[in-house]
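Common to both upcoming complexes is subunit A, partnered first by subunit B, then by subunit C.
Here is the complex of A and B:
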């Protein structure tokens, strides 16, 4: 077997091993909480992937995560750790409502209004994260901290807008914007209750993968991510790259906000701030910032979220259980990151020796 | 040539493990696979959904206690899920409660569940009854199988204000509130009006945190008010825990909200404006067991009430409540029940000096004006904007 295969095996086995380890630790936790771990595993499986109906729940939970994950995954290829997904998402949603109401008011047909909403959401989300990129590039402000702080500003801005300038006076006890007319809402995929946001998420992940892995732009971004100095010496426009990739990442989160507004809420209010942004950070890290992997990981996390209810109702576990599970998975995967290149089994060795089968590696923790 | 032999053994072992695992799964499958759907016969299954944890010492705990009061009832099975966000996750939870648990009545307890989530599901499941906490039902606008319930908890805040005025020596009360929305303003005003019915020199300082759950800002607000000489604190946030604990630590009095927080402040807890959902939920279940439904008109679509209808209760008085304070509080409560006392009876000025309710005008609890309240009464320090 060639080194290429060995490295591929390593890339598959380590995350899978980390998930298995997380399941084992979570099982111990469940046993301590008085629930049968195997019953819990089975319930998680059944609630997340067991039937078409429950799988739809997983897809519904996963679709905002795919888009929001790209807000972390794309800039990460340039070496930036950005966690401003939540902020870009809520502002994208707010902008989408503003765009939708304006365009709807002009009497545009539904496709035009929806396109306008998507563009408005992407533009605002993109600019929001581009600001983070600009602060990083021109003023050397730590992008993780600034994007985190900008989340607070964005949420405060959302609250201010729905309580003041954009408030629908009839929304008394839950201040909200005026609603998008029913006819301009994003519908569901035929034969399901999953909205078109899933398609947007999958397409965005595919495009992002192509952009990063298969274009000069992506190559330049990865080069700058590998070594900024070398990139500068090679004449790459690092500043422009930073702004562009931050804009694209933010645009994806903004689009996620637009989808939440246009497919679920129909208006912007505090419910928009539902932690999809932070979920997206988790997805991006587990996927090691690979956009294609992010769509799969989003499905996995969507499944975990979808199983939260059954853990409470069938096993009497506390409502925080699903967060504990998420936390264990996150930590375990982050830890497994340190194992790349360390496990002897994946190390390049003389060709005479046959590599061991993958099962033997499922114990990184 | 030892390698292949070794691999075969390992493969066998793996196969064995897989087979055992699969066997375990199938056993599990047959053992508990049918359990959750066992809702046969006349058993009524009701699903309860909360937006936060069940032990938050606040809004969600009040509902969870109401749910728990149904445990002893015959012919009722309940299913509950906590920390369900106001996104399409709540639609999925409702769907799962109906499909897997066999729920025929859903109690969606968070205000934000109503539009669009409960309304959407009510159309998908016309035979299931949906009860939403918040009083948002509008006849002719919303589906037949949707009902709404809420309490006039400002009555209990009025009485808590009476108690607070007795306990305060600085005559300065503090109110930590989430958002300047009508429901919250009504509580602030009623609390203040109650206090000023005892001593017109009492003032209430109000601080809006901007969020239903923001423990850090709640603690900051509580500390800064204690620094300024406020000596009774109350609040309207999802979980009063932090406010009550901070008040106790600072050695000032506290008045609870939503549920009973007495154990958090054994010294300074005066009383508290509590929901009594157990009564409301028992009534609903009894009506359903009698065959009444929202659809056949047996159950009213909008159920609201105060002390008189058993929607509210006061926390037991704490050690800081004098006998005269208790007497005044019980008298106010009795008058509210009998209808003698109307909280919003003119003339009431707002804190800008303008007349909010004209002299001689009485606004009963059902008055539309109260639903749209956007002013703070005289004696409240703070602003709505």
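Here is the complex of A and C:
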């Protein structure tokens, strides 16, 4: 029992320690750049969580991150490193606009149009990443490189569509598709500026957790991720699992694109390509590919992203500061992976604090 | 446009010119990646290294007025990122692909952060070597203007081939990449050899960045690299880890990159964005054709990308 607690404590302390270390390194970096690190920390905190109004910005940023993180986190359970989130998100958004305009044109009621947009985004995003999985399984093409290349191809497709076949002639400065009618847009949660994408993100993270941890499908995927050869011997359909889990991951990223289009931009243009894809990769890695943890990490990263503007205005730091911070966090979290089982505090030995945690659980039971 | 006088001949000429201008970054990054992978590690972060090199070369050239100093600093900036990658990716249970993704974010973030003040001003460019003086046509003359860095890269490729095949140090790198256990038995420090290979490879990638900002397109902006650093990883697989074949592959990729602008220059711009994606599509097709689930690729280092104990 106490071993379980110690391992849980290790699982919490190491990532938190990595975040703190990243904050310290980032502070040093800011100091070198001539800004007061404590002022910067305070600004980030205030812009991310300081007031209800700023926390709403954080929530708005967090919802596409949650969805896009699943595009990396789900295939990771199968041992695949997929970073095609950006591409699936962009194409999902494009498909959602196409679906929304078509269904809206047929005069469908708003729920039907919204459902159609979501399904179109998920289908296209899912197929996009399923292609990556198929290439991996049937042709042994490295999934990291192919998914990255497909990001560039997807962005080229987006540019082609919004500058050509799907262009709204009235969008001169920033070529865009025709807008989705206002009445078909995703609404906001009651009493806030936060759109329903947040609910979609939370539900998707919860479902993904259930799927991976509590179903036979998830068990099969985790087995195959642990040892492909053993999974084949056990008769698991590795190819089908790969395709299915890649499709689900891509569908989540596609849904993120739909949310961005249907709740924020109202049309597809190059603003869709706003680095939520790479942010999602970061979220998935920090959360160690656990969907529930991903929803929390997405909140944290959403807050950091929401603070980009204020760093520019009050500290004179360029907007890329947020990107440097993300990079430092990512590197620090990766380093912390090598610390599991190495720190003497978490090693199995009878410490004096041991009796306390089990008693705390014993009372409610 | 100048190509109009040549009619349809303008297209192959523009592609040739684009190949000569645009393949140097591919060449340097792929040679750097080739060296890194020969030692058994993958460095996906060379995209960030390329951007960092481009930024520092441009900044130093602007501040000191000497583009060559910029090239050297670009290499050193690349080495700085290489040390981080080399150290972090060799920690136990740390995945080198994940470190590469993190280094892309960190390297490009750092480049954009430090490079912000240098987007507007124009920095002195590298000198140009003109090989087209024999022709009367100005289009041919301008097509045959070659970067000295490109020539340097063309020279480095066979040198590196010789290094791997015939030199003692090259043997060390190959031994560590093919069979780390045997290398350890010989008393070689795997950590040091891999670190040296990654740092040297990052130096080359940094110089590739200098070729972007100091020759073609010859400016610094956040969109200066469009994935060349990542394509180089695929390019090394295509070149079967052979430096001389990296040279041919870089020319092919440089040519693919020039198709979109070449067609646009003769007025075909309906599929401009899709033609611009041709290097990525080409890379993907090449990987689909050359990879196979049934065998490992010939020429692949034996321990490439394997986890360290």
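In this section, the second predicted complex is superposed on the first by the 347 of 365 C-alpha atoms of A that agree within 3 Å, B and C clash if a C-alpha of one lies under 4 Å from a C-alpha of the other, contacts with A are read in each partner's own complex, and residues count from 1 in each chain.
One rule holds in what follows: contacts are C-beta pairs under 8 Å (C-beta built on N, C-alpha and C of every residue); 3 or more make two chains touch, one makes a residue touch a chain.
Just so it is clear, the structure is predicted and the values come from calculations on it, not from any experiment.
Superimposing the complexes on subunit A yields a three-chain arrangement in which subunit B and subunit C clash. In the superposition on chain A, A:271 makes contact with subunit B only, not with subunit C. Of the two partner chains placed by superposition, only subunit C is touched by A:324; subunit B is not. When the two complexes are overlaid on their common chain A, residue A:83 makes contact with subunit C while staying clear of subunit B.
With both structures placed on the common chain, the touch criterion links A:153 to subunit C but leaves subunit B unconnected. In the overlay built on the shared chain, the residue A:338 is in contact with subunit C alone; subunit B does not reach it. Legend: residue contacts after superposition of the two complexes on their common chain; A:163 is shown touching both subunit B and subunit C. Within the superposed three-chain model, A:289 lies out of touch with both subunit B and subunit C [touch as defined at top]. By the document's definition of touching, neither partner reaches A:184: not subunit B, not subunit C.
Shared contact residues of subunit A with subunit B and subunit C: 156, 159, 163, 318-320.
Every residue of subunit A that touches subunit B in the complex is listed here, in rising order: 38-39, 42, 47, 53-54, 57, 60-61, 156, 159, 163, 172-175, 260, 264-266, 269-271, 274-275, 305-306, 308-310, 312-314, 318-320, 354, 357, 359-360.
Within the complex formed with subunit A, the subunit B residues making contact are 3, 7, 10-11, 14, 24-25, 28-29, 32, 35-36, 53-54, 79-89, 92-93, 95-97, 99-101, 111-112, 116, 134, 179-183, 210-211, 371-372.
Contacts from subunit C toward subunit A in the complex involve residues 44, 84, 88, 91-95, 97-99, 101-103, 105-110, 112-113, 116, 222, 226-227, 230-231, 233-234, 237, 270-274, 276-277, 280-281, 283-284, 287-288, 291-293. Considering their complex, residues 33, 81, 83, 135, 137-142, 144-146, 148-150, 152-153, 156-157, 159-160, 163-164, 278, 281-282, 285, 317-328, 330-331, 334-335, 337-338, 340 of subunit A touch subunit C.
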